[in-house]
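Both complexes shown next keep chain A, but they swap its partner, so chain B is in the first and chain C is in the second.
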Partner chain A sequence: MKKPNILLVDDDEVYLYVTTKILKNLTKDILVNTFTDGEQAIEYIRLCIQGSVELPEIILLDINMPFLDGWGFLSEFKKMKPVLPNHQVNIFMVTSSNNPNDFKRAQEFEELTGYVIKPVYEDKMAEILTEVYNGNW
Partner chain B sequence: MWNRIIKTSLALYIPLLIFSLAWGYLQKQSLITNIAHIQQRNILNKSYHLADQCEVLIDITSYWSNVVFPTNFSEGKPLDPAFIDEYIKIMQGYEVYDQLRFLDLHGNELLRYERTDKNTMEPKELQSKAGRGYFQKGLSLEKGQVYISPIELNKEHGKIEVPHKPVIRGVTPIFDSNGAQIGLAVTNFNMNKVFDLMKARISGDNFYLVDHERNVITTNLSANILPHQANMSQMDSSIQNKLKLRNLIFEKDTFFMEKGSLWVYQKIHIGFEKNVGMNRYPDMVKVITENDWAIIQEIPPSYIRGRLQTIRKNLILFNFLTLIVIILIALGYAKSQKEKRNFVAELKKKNKALLNNKVKLESTNRLLKRSNQRLQVRNDQLKDFNYVVAHNLKAPVSSMSIIVDMLCKSNDPETFKELLPKLESLSSNISTLTEDVETYVSILVNQGLKLENVNLLLLVKEIKKDFLDSLLEEDSKDFEIIYRFEAWHTLKCSRFYMKSIVQNFLSNALKYRRTNVDSHIIFESA
Partner chain C sequence: MLDKEPDKGQLFKYLESVFTDLEQQKIALDKSAIVAFTDIKGNITYVNDKFCEISKFSHDELIGQNHRIINSGYHEPEFFRNLWRTIAKGMVWNGDIRNKAKDGSFYWVATTIVPYLDARGKPYQYVSIRFDITKQKKQELELKHRTKQLEDFCFIVSHNLRAPLSNLLLLTSMIEGCESFEEQKLLIDRVAKPVHLLNEIFNELIASLQIRQDGEIKRESLFLQDCFDKIVESLNVEVLYPDSSIRSNFTKAPTIQYPKKYLMSIMQNLLSNAIRYGSPDRKLKVEVKSYEKNGSIWMEVKDNGIGIDMKANGKKLFGLRKTFHHNHDAKGFSLFITKTQVETMGGSIHAESELGKGSSFYVQFNKNDSI
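After this line comes the complex of A and B, so read on.
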């Protein structure tokens, strides 16, 4: 069985550490990559398209980040979508903002699979994995 | 208000008054002209009476010019008694016919018939008329010519006959069978009857028959006839003076107002009608005369006043009614003006109040606008604050929450060892954030705001020294700060705020720089 491949994009390094820890607690057999801004994440996706690295199945994306924020990442990702390999990428917007405007804006992106408010506890994370991998993780 | 009513009334009434006076004057002139024309026709009728009598006199007198007298008529031989008796019998019935005389060439009467009563003429004592004017004039007449004397008081034996009898004489030369002039035939007409007809009044008018020297021959104001030839009474003198009219310098037919009376003057033409185209008496004999009569008709002031009374009454009535209507109009106008003024005053008052309100509203609006701007700014600030709380604070808190959750669920000392420093880091972050929030709040409420000239170059260098030396000493090797303050370097601001801004710039630049490349931050004024 293929290892779950997850990409975390957030400027909060503690969050990245903790979330990675949660994911690894859930399953040892998982691949987690982290980036502190959207620009680095986009570069990573480009590498995936080129085939250098494997495209993640799940991206947990923060909204507020330096250089390229979550919205900017989504716009860039939308542009790259036609050249993406035939592979489902599930993007979850994970944010501490419960601003209704952000939620409304998020609904305009069909690329988004879900909108999750921090903190994301272990059970919530398990729920996400179950949803994406149909329990096979 | 009454002042306005009076002024409006006068403004409207004066033109109407002028108009009505002009109209009245024209009416008066028209009436006077009308009366004058009636009097002119009246004079013409009276002239015809006189002219007709004169014509009869001329005809009767000229008859004798064609009669063949005996050659010795002047020597005492009488005319055929049957002929003269028949003639006198006819003339007796003609009341005006007063005397018939034949004079020889020396002025001695050869025959004299004189009216003794209304229907009788009788022969009378012969007189000598050698000294009389009509005899002298008669001597110079040619055959067929007739001399008409002036109207005079009759004289007998050289004295004016009493009671006075106004007469006019027709004189013509008479000839014998040889064609030699043997004397003169003289016919006297008594003018009393004619004068009575001429004196008749049609409208209370005064009648004057005057000669060329404007001596009164007869008038209906005095019983005296030809007073200047007998004795002038006081009344006659007064009448004579009355006729000295300024407007009658030239003796031509006219009418005019003078001394309050209307005067109509018209000359009488006798025997000259042919010359003026009237042809009233065709086949007239040659007439010699010095008569130049005129008739003056005076319409006294009382009569004119009476006739003008209607016009005056109409004028007064018109003015009275007009004045009432005008006063009513002026009253209405003044009331409407008053209402208008009140309305305008009310409008002005309201307008003033509106203007005041407008000024107040504008002022309030400005205040509101300013307040709105401040609120907008504050709202933006609160949004920023909300962001800080939502993101910067919530993020570490949520991380802490997860870590605590993980710690609670784990008994592994390694996990504790691993996670506790993270908690410490989060705690430190929250502490820093709390300080930032405190700073932010103090900025929001403008506490300790003091504006001063701040040299940015010095400020940045000062911050760099504190910042880099204390926090990033080791990492500062590949991080450079570039200063470009050529355009300007001093700014009037709060040193505290500006320091905070620059610290934030530096903090973010350092935080988000790429560690694998050389980084720099540029401070530039433009």
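After this line comes the complex of A and C, so read on.
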């Protein structure tokens, strides 16, 4: 069984620290990468396409970030989709915004698997992993 | 009603009473409403005194003119097309219209236009009956503006407090679930950051609330150039940024009635933003000028810095705690405070910018009665 591979994209360092910790609490066998804005994350996906690194199965994506925000990341990601390796990437919008406009906008992206409001506690995170890995994690 | 076959005397008496009735009704109407008659092309054939009084045109200036003479340009062409379609069909039109008086001031009237129809049902003239609702419109707009400000404020509060709160909730739940003391200690160390952030945001919100309550703060007559020179001096521009060129021209609108504290703060925030986000590729150039436009005093601060991606960030630019660059000492607070100060004094602020080229900020200090 391959290790779960997860990408966290958020400019909030406390969130990144705690979420990484929660993921590692849930399972020791897990790969977590973190980036603080969408641009870095897109660069990382480019590396994945070149085959330098493994494409993650899950991306937890914040909306409000400097440079390239969550929406910007999604549009860039959309463009890269045709050349992506043949496996599913599950992107979850993870945000502290309960702004209905954001939720509506999120529904327009078929690239999104889910929309989660912070804080994401351990049990919620376990649900996400279960959803993506069909319980095998 | 008339009985059958009236004699002349009866007829005369009857007509006289009808006439007196009509006369009385006309007097009552003229006392209460703004009345005008036009032909089917909209050329004015009659106006009453109230019409002259509110439009500030004399009777002779209005008769024979097209009704467009008081058009304020506020409504879309479709608005008047619809009006004309309605009355040309012989139907009554109702609506609120903003008109322009002779001296350029605006007034709002609740308007009813009734077509006079000939024997074939075709309009041959129109009568418009209007009531002055300028005061109500002003209050309505003021109320809308206040509500918008309040909504913005609530949004800012909830939006900005939510992120650190959510982190604290997560941390707390993890601390509670911790098995080892060491692990707990590590987590507790992480609590400090969101707590301090919460505290800072809270203080900033309080500061901005205080500005909003300052609506009656004293205005004084200020020379923009003097204030600006003091700001340039206080920022120590000549010493710290010797290569930069900061030019100002306040000759087109040299003075303003404004609270000194706010003017200084607005200038300081806009200028220090321009300096902070200068481009490393070229010498910093800032141009500041003031001018009068549409009865308001404006100030423009234009730089050739790194610019802002307006498409992505334009709407959030004046929000609390927004920074748009990787600059770490950048605090988003100054634009939020600037906007609060400008709006509290009844003005407005907006920005134009292009990434890599520079930004311009436009402050309209006092909105002219722009209803």
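We take it that the second predicted complex is superposed on the first by the 137 of 137 C-alpha atoms of A that agree within 3 Å, B and C clash if a C-alpha of one lies under 4 Å from a C-alpha of the other, contacts with A are read in each partner's own complex, and residues count from 1 in each chain.
Just so it is clear, contacts are C-beta pairs under 8 Å (C-beta built on N, C-alpha and C of every residue); 3 or more make two chains touch, one makes a residue touch a chain.
On a predicted model such as this, the values are computed, not experimentally measured, just so you know.
Novice: Once the two structures are overlaid on chain A, check if chain B and chain C clash or fit side by side.
Specialist: They clash.
Novice: For A:S96 in the superposed arrangement: first (chain B), second (chain C), both or neither?
Specialist: both
Novice: Looking at the overlay, does A:V18 come into contact with chain B only (first), chain C only (second), both, or neither?
Specialist: It touches chain B and chain C both.
Novice: Looking at A:V120 after the superposition, I want to know if it touches chain B, chain C, both of them or none. Which is it: first, second, both, neither?
Specialist: Both partners, chain B and chain C.
Novice: In the overlaid three-chain picture, which partner chain does A:G72 touch, first (chain B) or second (chain C), both, or neither?
Specialist: Only chain C; A:G72 stays clear of chain B.
Novice: Let me test your reading of the model: by the given contact rule, A:Q88 touches which partner, first (chain B), second (chain C), both or neither?
Specialist: Touch status of A:Q88: no partner.
Novice: Considering only the listed stretches 8-16, 260-268 or 350-358 of chain C, which one runs into chain B in the superposition?
Specialist: Only one listed stretch clashes with chain B, namely 260-268.
Novice: Let me check the overlay on chain A: which residues of chain A are in contact with chain B and also with chain C?
Specialist: 12, 14-15, 17-19, 21-22, 64, 66-67, 96-99, 118-122
Novice: Quick one: in the complex, what on chain C touches chain A?
Specialist: 159, 162-164, 166-167, 169-171, 173-174, 177, 187, 190, 193-194, 312, 316, 323-326
Novice: Under the definition above, what is the set of chain A residues touching chain C in their complex?
Specialist: 12-15, 17-19, 21-22, 64, 66-67, 69, 71-72, 96-99, 118-122
Novice: Within the complex, which stretch of chain A touches chain B?
Specialist: Checking each residue of chain A against chain B gives 12, 14-15, 17-19, 21-22, 25, 37, 64, 66-67, 96-99, 118-122.
Novice: Residue numbers of chain B touching chain A in their complex, please.
Specialist: 387, 390-391, 394-396, 398-399, 401-403, 405-406, 409, 418-419, 422, 425-426, 429, 508, 511-512
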